[in-house]
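A single structure is presented below for examination.
Chain nomenclature is as follows: A, B, C and D, assigned in order of appearance, with residue numbering initiated at 1 for each chain independently.
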């Protein structure tokens, strides 16, 4: 297994075609805007070697029996899924942002079980190919980005009926040695920090969408791939030379737009190609895993926000006030409710035909639905506790200025024993989480990652046994025969 | 193990001193107001014999090895606690009300582990006594009410300092063969349907409160015990001879006020007596179990309400409307969030020194905190869906009236294929759950059972590792040394 | 103007065909179940004579110039509408329930302006007839129930296309001297306490629905009218002889089902007949008035609930606890938010073509939308503060029992200086408002009165100038030309 | 009255000692970070000359009778306060941010009435001085920043007992010709764009705090004044040369830290000096005005967010989806609820002893309490509707790039007829409001401006007549004598 250092070194060998703020970036590994996101991924490698965290961060491969990083594993039990969620909370706590490897992990598991079922129906050999590829991937301890979300164009129109046929990634050419794909994937987490990307369809496919029903793995520096780095709030603060105003100096999330301009994929890396009816199976299995994931990482990030809110209240001298305690109590309650849902859908998971484990679909969707709400309320409460200075504080450069720095140091002080800089630092951390560089990791991603709220809504409705609920009501109301207690 | 029939027969042998609506009730088993609550308890006996539910409803005694009803068992694993929660959901679904045995079950487990630790400190023999008593109890498959809540008088004053020394149950006399206790227990669930009651202290005791730190088991018909049946909304509808207006004809909850007017308890039934510092341990362990319990039963009751809401929407011809689907989706989401919390605190439980298992305290409190909120919103949504007729419908007697009954039948009809009576029945079931006879089981009990919201708030605050959260924030903000990813 | 006494005496002269709990009621004025609802209406007469409240409760008729009860008036200014809302709050405070006259008042104003516009288009003489009728009504200071809600049958089908043509009230025969109407009106507030009822259509009518587009006034004891009294939670407590368990002994709401079995209406009492396109105008104008009304009465009822919650907290000795103060603070906040909306839509109203004033439609709908949410939360908070004893307290008969009454008196005592009965009384008042006899007045009516939540939703969406909002956004985003500050 | 142009020109004449991002700024009027905030203020001057808006934006001076800009006026009626709120909504709609003049307006009115009452008690001449100063101010149509919030140090300690005596602004020297003040004011809105600042105390003063009880007016470029510009999220995007990524190119809010290092104030500009008991009167009157203000501006900003959300839904092709309509409906509902509160507290205001009008304190606090909640939910809903691309879109420079710009143009397109740039622009506007440059104007300022939520909570509790509410409950419960309807 790679160490964090080895992982970062391996990135230098990638020849990405990457654009950021209108310019092609050659040494992206050391780019100040990109680097924090690499560090966040690196933490997933570090934990695998960290005494005390091996049980969470590593496991044995079901394919080779060797010890591997959990992020490249297949879930072999419900306990394994619980470990995933707890690992995610640990990483959320340590980075306070998105550490970007869960989409890959969840994608691997969804493709594993779906390819098995396609083969079973069609006699294809996607599953064997996938196993071969995954062995290679585990051996080399690589990092993969899951690439599901298409750009979608007109949301009301099917992939094959869009005005522009490229609004969903599709097979533009079938060759004897492989396929050529074309299109774009949007909002792709961590792709710039990954060795490969796992292309998956993003929604239900129907007759006519055969070319759009495609799953495959490609290197991030394959020919025809262009990556465009997404802007984040306050991103250029990382270029200013300071380390306070960015709020979270070491870590950050990352999303990019992937352009696939006729990218060749050899057959041994193709895991679905044209089996339209399996697209939705893949999407829903992935979604269940990924909605489970948010029951791990977001509580971890929330822990940091709670800690920061508690500190700023202390620094202001109001930590013991009843309303502050109440608000912090509410924050804990919300964070743990999310985590409880993450744990429950893991424990209540089940085995797929292919042999790996799947999170409980209903509870995973319930988990994510809460995630689309609670982090926003947590941020609101943190802003309440922090005070208005959160968005009106002078800059780090003012604070370091020889003349006015002294004014700031004098006047922004809270309680006597805490240096002004300490208070300033914690305010900037809260700022980063609620408004700044990592707020997409905690807010917008909580909303839209793994599917927007309405997507969960639909699944929750569908996964409930409403007939049974109605039967209960009819029996109790005496519409059906009432249950005889003595029978 | 007793059957439901045997259980009910056993009740006839109890000589309760019971008052209801100002009169002493002799044959309370067949009293129309009481009987539905007996039926609800009887369901816990029925399930133990029901093919397909044995795994949930029965288990092997850790004391005797014999098969027993789960409600008299000690939790021997986290899986055992999960089974408890799933059994509770099943019973909630089948009765749509409180089935009253959980307080006893949770009390048994809390007394078991607490008495062990008292003995360990003081060399007393409470634990052995308790085991002997519990064996007898399991052998005879009896039903026990947990009796914790004191009447409390002035909430701001300690038990031993109240103007009236009887506002908390206490030892009024210590004799060589036992103790005499005095006081009252309020809001006691299911006591009228129980063979015994388990007296437990209700809050933290301090120096001076020795006489108030008492735990013991007494028969419900012991000398000196008076039971006063609590009123419930619409309780006398059960005396009207109909079966629709009550909403839930077969089942109902029950609470009573217990007066203990110098009741003698032999030593072999005394499990704590004067060890003030252990009172809070008992309270908190019981509370954690019981807050877990609500993650089982309330989702079950919620399932019935969802089913009823879905039916009434169908009967009105609006089931497919987007806003109806959205509201029912929200109802499912809330119910499953509670259940997820109930499952999570069970799976994440741990072993006590005495060897039985305890639910995770933090998550159990989080579970209950959600229970103090969501059922109210579920009822609000059900009222929204049901329509105003919910509280303006004519009576069953009007519906059966030869003249106006026809008017009602004609005019309260919804869609063509559903008889008016069917619609009327489902409306009355919803009425019973939101405003009527079983609304205390779903609303007020959700609020105050197992402790009022503020009690959970305090535990949530206390059970969180805030130091660790603050440490995370300090490190990320650079107040402490930042974590080196490469280290 | 009638006094309360004269109003009640006038009721004895009505020959209602009224059914209650399956029996025809002859002396309904003194019926214990009905009487509290009469008292509530009587308060609207009492206030007109009460020193200090005349300005709220009376006004001068725009038709005759004489002083009349405000409940029979036409709004002649926005201030008049503000006075209405303040009068409603006063009455809500004094009765803690629905006082039943607002539907009539709001109906009168809506019919006044709509009949004017029909005449203007069609040259009919509805408006003049209506003025004549209203003069008579004001002269005699009568009470009228607005009767809008039809029973509706299959909600997805238009009135004229229902399987049963009577699911909406309609003209079954047109005669030279008048019309005959047929059908039923459901959930009609206060009709049993009214001298007349104002029949209005309940929804948008379309071509083919001509017979269903009918507005007219008929006496409540007209031939062919049958009234069936709606059940309320805990209604029969009023028959038990006590005065505590009912919670609100003096006052209560009332709804009934009205059967119109071929009722003749002379032309001079017909105010719309066949003008389909005006049905929705009438409905929406009425709805705006009535949604405004809830910004008056419900805050008044809320005031009582807040006062009761404050008292019970005092009696328990916890009034000063931070969390109690916070919850009561929240209750006040919610009540005042509703009232603010009620005031705002009144102040922002405008003049109709006919000359009376109309509440601001958008804000009136916003007001009502909040009413469908906040009273439920207020009840939840009140239950939180009250404690579980709210639904487990023994009955009044137990409390009066010579033996066990003493136990109850001793054990249900709170702080020393407050008698147990005092605490018990306030608990029962809260019970009546949250679960008991007047809970429909505060909860279900808040939900469905003046239209269910979705009805407001639709109006809110429609009444907003979305084009303007989009224009603002386009300009600021630079899609349209940006505004030049210096231009 | 000044035009927008004349206002901006007048700013060049100010010699501010201003720091921004660690550097002294000489030409701050043309500084790209500062300029949008100047434009927002300039809109308040523009509207005064705008045909159709004069009635809102101007009024006649009660001091001179001349037409003046409303922002420098005294409220002479409740209608005047309503006009203020409507003007604020208009300005919020036109700028989508804080236009910074309300603190001054509200401060002027609070000082006017408070100085009157001080003089009345002490025979001082603050009020006359204030009138003189205000006449000068109105004549010259100047702009004033209200400067209330002190830096506060340890929140648990009174001003005169802080370790550092400068944590609250105070009189450091009393001279025959005036006073010298010292300290700092934090989070001061618009001070850099103002000609003067109105220094006011920030909380209740007690014995010993005499030096801290000071109100006065000073020029923003007075000797001893240093201004330090507060950072805002994404502030440096304004330096990048583009105009899309900033979201709101023309307008923005502004806050600064004011250092007062021994600033001399002549007596004719001192309006309170040592009258400790009047500090809280001033604070509370100001607060009531300013909490009212938020019922105007924030709905205006909300209108823009609603418009933007509606547009982005259209551009994505999902505008007609039921859940989108429902979310936009909820947004409208929340915005109008706030505005209704703003209107209600204006209409329900009353006259002060000095003759100007004061907003209703209870309702103004209720208004602001809602403002601390709803804009956050509005932003959450807008993020839900906008989609994840909100925080992952490439930069404007990428979009303008000759090579990858084409990719972006192709792939980020929504429905066919809308150019990609249009969609991108609206996304960036939403981004600016929810996460970017103007998010402090809509979120954090909504939370903490005019006092944090707990401050409103305290006022709401205090302004309610709880005795009356308790009396109502006691009467209805029969604890006090029940009201006799016939009496």
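Worth a mention:
By definition in this document, a residue touches a chain if its C-beta (ideal position, glycine included) is under 8 Å from a C-beta of that chain, and two chains touch if they have at least 3 such contacts.
Note that the structure is predicted; figures quoted are calculated from it, not measured.
Looking at B-D and C-D, the interface holding more C-beta pairs in contact is that of C-D.
Taken over every residue number at the interface, the positions common to chain A and chain D amount to over half, indicating a same-residue contact. Per-chain Cα centroids separate chain C from chain D by 39 Å.
We define each chain's centre as the mean of its Cα atoms; on that basis chain B and chain D are separated by 51 Å.
One finds 38 Å separating the Cα centroids of chain A and chain D.
Multi-chain contact residues, meaning those touching two or more other chains, occur in chain A at positions 323, 326, 457. Chain contacts here are complete: no pair of chains fails to touch. If you check the complex, the residues on chain C that touch chain A are 322-323, 326.
The part of chain D that touches chain C in the complex is made up of residues 4-5, 8, 39, 42-43, 46, 82, 93-96, 243-244, 247-251, 303-308, 310-311, 325-326, 328-329, 332-333, 336-337, 339-341, 343-345, 347-348, 362-363, 366-367, 369-370, 422, 425-426, 428-429, 457, 460-461, 464, 466, 468-474, 476-479, 482-483, 485-486. Those residues of chain C that touch chain B in the shared complex are 19-23, 149, 151-157, 163-164, 166-167, 184, 186-187, 226, 228-234, 236-237, 240, 245, 255-257, 259, 261, 316-318, 321, 323, 372-373, 376-377, 379-380, 383-384, 387-398, 400-401, 404, 407-408, 410-416, 431, 435-436, 439-440, 443-445, 447-449, 452-454, 457.
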